[in-house]
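Two complexes follow with subunit A in common, the first pairing it with subunit B and the second with subunit C.
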Partner chain A sequence: MNALVAILWKDLLSEWRSRDRVVAMGVFALLVVIVLYLAAPPGSGPEARAHVPGLLWVAWSFAGVLGLNRAFALELENEALSGLALAPVERGFLFLGKALASFVLLLVVQLASALAFALAFDLDLRPVAGRLALVAALGAAGLCTIGTLFSAIAVRTQYREVMLPLLLLPLLVPVLLGAVRATNALLLEGTLPWPALQLLLVTDGVFAIVSFLSFEVVLDE
Partner chain B sequence: MSALLRARGLAKRFGPLLALAPLDLELGPGQALAVLGPNGAGKSTLLRLLAGLARPSAGTLEIGPGSASRSRRRRAIGLVGHATFLYPALTTRENLVLTARLYGLDAPAERAQRMLAEEELLAVAERRAGALSRGLAQRAAIARALLHGPQLLLLDEPWTGLDARAAARLSRRLEAEQAAGRALVIVSHDLARVAGLAARALVLVRGRAAWLGPEALGDEKALGDAYAASVNRLEAAA
Partner chain C sequence: MTATTPLRTWQHASAVALAVSAALWAFFVWRAPIDAMQGPIQKILYVHVPVVLGAYLGFFLTALGGGLYLWRREERWDRLAAAAAEVGVLFCTLVLVTGPIWAKGTWGRWWTWDLRLTLTLLLYLVYVSYLLLRSFTEGSERAARFAAVYAIAGLAVIPLNYFAIDLAGGRTVHPENLGRGSLGAGMRAPFALGMLTAVAAFAHLLVRRLEVGALRSERDRREAEAFREEA
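== the complex of A and B ==
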């Protein structure tokens, strides 16, 4: 548990000082919101606008992948990853620390881009804010758990920037399916469908357990 | 005397390339082994294998008692590698506190403070590791490796980048660690320094090994002659 807190502290402190991940993720998410606004501006047909809330996940998932690509890049400088691998701790807690740091950063980006999204599309998110935050957090948890595992794999490959999305996005289908359905229903009908939430909870749980257990192997040579 | 390090038939291949031919190695408390050889001989590969950072293609490796858990084996090792393992965005002090936390040490801040004082790094304690000179970063890396009091020190070119005063202090520190019962494996091209520390040397050439005994480690000249002869013999055999 100490290791989890230590890694979380290290990653967030490093990010606070450089702000390179959160700025890149935030700018990217805002650009996607702008593109969505241009594609379906206020006044466009209801069919076009019916899919817009779910498309918010395009911004969040790609911003998340962008951040995850950098998550292990800072472990490459001075071969810090080897130093981490030497530590006498359960590797799963190192994974949790890294995943939690990415999760916190993605939540910040989600909050900022959701506000921009509400402004652009003239939506009042206040009545559904709590439930939307729950869906956003569950989606981000799924993205960051399996994403951290694959980021650790991709970081040692030659084409790591390309490799991570190629490996990760197919696996994210159940997360995105649940998150998009839940967000659509929430923003268009004001309801939160239980099956979509269930899918998110189960996928998050499976991803977290698999990643926790397999990080030992991934961190080895 | 129980060995701190026991390797039997330890070997490493990268595809068709033989990085380290099967090697037997044993090291007890207070013993120091010098690992010598030209560039690309397999010295760093050997250190990575001993540290558990690479998996051997063949052979067995025991660190500490044979039944020691993986966590205890890792705790027994302190590695100074080619790279410093420091996070550039964190200060020297923060890097040491992080290490202390990862190793589960009591009072991490106090341990870090003590090590900074011992290694004369207090003046750069609040400086980010990314802004340290090569020599200061190397000293911080050494402090990081010694922080948890490891029983086995694996040192890859530890004097690299150090000025004369810092290099001499490191040599004294390693002598003290040896006297306190720590085992040392030192990879270096600095024959004068390793001759003063180690009683045995392992010469590697293209992954193949030859041993030099205490008679060859009396002084720099004797070690230089024995080393050159071993390299010639191993290259002729390769």
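== the complex of A and C ==
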């Protein structure tokens, strides 16, 4: 448990000092918002707004992949990854620390880009802010759990920046479908459908368990 | 006696089974009546439905081989996973090629985002990524570990995808004829023989691929030995 807190603190502190991951993810998400705004039907009418939930998750998942790619690239410097592998602690907690750090960073980026979306598409997010935050956090949790596991794998392969999205995106479908569906109902009808929420909760649980248990063999060096 | 000798026996047995069942299957497909509604294009289903079996068998064996490798750390289980993934991807490619040809003739369009179509496509992408992961990872032991983890995660996601696509309104428009037993006279035999042929073809290709894997690891072992002797 101490390892979890130590890793989380270390990742957040180094991010606070350099701010490179959050800035890169944030700028990237903003660029995605602009590109998607230009690609969506013109104006900010209901037709354009109907696309917002899907577009929002495109921006968030791309920014998430970008951040996750850096999560372990950082540990390659000075062989820090070998140090982590040798540490006499339960590796599952190392995983949870890394995943939580990525999760916190993604939440920050999600908040900033949701505001950008609200401005670009003229949306009033205030009435649904709390429930939208819940859906965003559940989606981010799914993305960061399985994403952290695959980031640890991808970082040890050739073409690692390409490998992570290739590994991650096909498995992310349940998270994205659940999250887009929930966000859609929330933004267009103001309701939060239980089946979509249920799918997100179950998927997050399965991903967390699979990643926690498999991290042991992924780091084995 | 080399490591490949028992494989040779299986190779011959599966080749004979494949030849016999394929010949019978071709004969019964040729004899099968032309579907009154769909016309001759319905006969592509005698290929399409059986190869689905091979695809799913391949992906199941990949995850099983990966799981056994992580448990026992024996190289042969990794060879099974790698072989099953390659053969499974081949069968799944056939599924995704024959399906749309039939769909274009019957439904009038190549593709719909139907539950089973989407599931199969996603599964296909997972296993193509699996093969890419294997080829982009250096060191056979590391590749085996990474691939095993990915195969197990890929299997775990199948039921989740099922619920997800169902939730997204991907109603299934897939025919359920086999389950309902509404096959016309003379259509049952080609389906059954097609299944048998697909399993025999799967087994034969799997055994051949396992042999390649065994020969490769034998070569690596000999090279390592020669290297040690030189040093």
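Operating definition for what follows: the second predicted complex is superposed on the first by the 212 of 221 C-alpha atoms of A that agree within 3 Å, B and C clash if a C-alpha of one lies under 4 Å from a C-alpha of the other, contacts with A are read in each partner's own complex, and residues count from 1 in each chain.
The rule is short, and it goes like this: contacts are C-beta pairs under 8 Å (C-beta built on N, C-alpha and C of every residue); 3 or more make two chains touch, one makes a residue touch a chain.
This is a predicted model, so every value here is computed, not measured.
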**OP:** Scan A:Val173 for contacts with subunit B and subunit C and give back first, second, both or neither.
**Re:** second
Original post:
After lining up the shared chain so the two structures overlap, which partner does A:Ile146 touch, if you call subunit B first and subunit C second: first, second, both or neither?
Top reply: second
**OP:** With the two complexes superposed on chain A, say which partner A:Ser82 touches: subunit B (first), subunit C (second), both, or neither.
**Re:** first
Original post:
Looking at the overlay, does A:Leu13 come into contact with subunit B only (first), subunit C only (second), both, or neither?
Top reply: first
Original post:
Which positions of subunit A sit in both the subunit B and the subunit C interface?
Top reply: 220
**OP:** Would you pull the subunit C residues touching subunit A in the complex into a rising list?
**Re:** 70, 122, 125-126, 129, 132-133, 136-138, 142, 145-146, 148-150, 152-154, 156-157, 160-161, 163-165, 167-168
Subject >> Complex contact set, residues of subunit A against subunit C >> reply: 146, 149-150, 153, 156-159, 163, 166-167, 170-171, 173-174, 177-178, 181, 195-196, 199, 202-203, 206, 210, 214, 217-218, 220
**OP:** Within their complex, state which residues of subunit A touch subunit B.
**Re:** 2-3, 5-6, 9-10, 13-14, 17-18, 74, 77-80, 82-90, 220-221
Original post:
Which subunit B residues qualify as touching subunit A in the complex?
Top reply: 51-55, 70-75, 77, 79, 81-90, 94, 98-99, 101-104, 128-130, 144
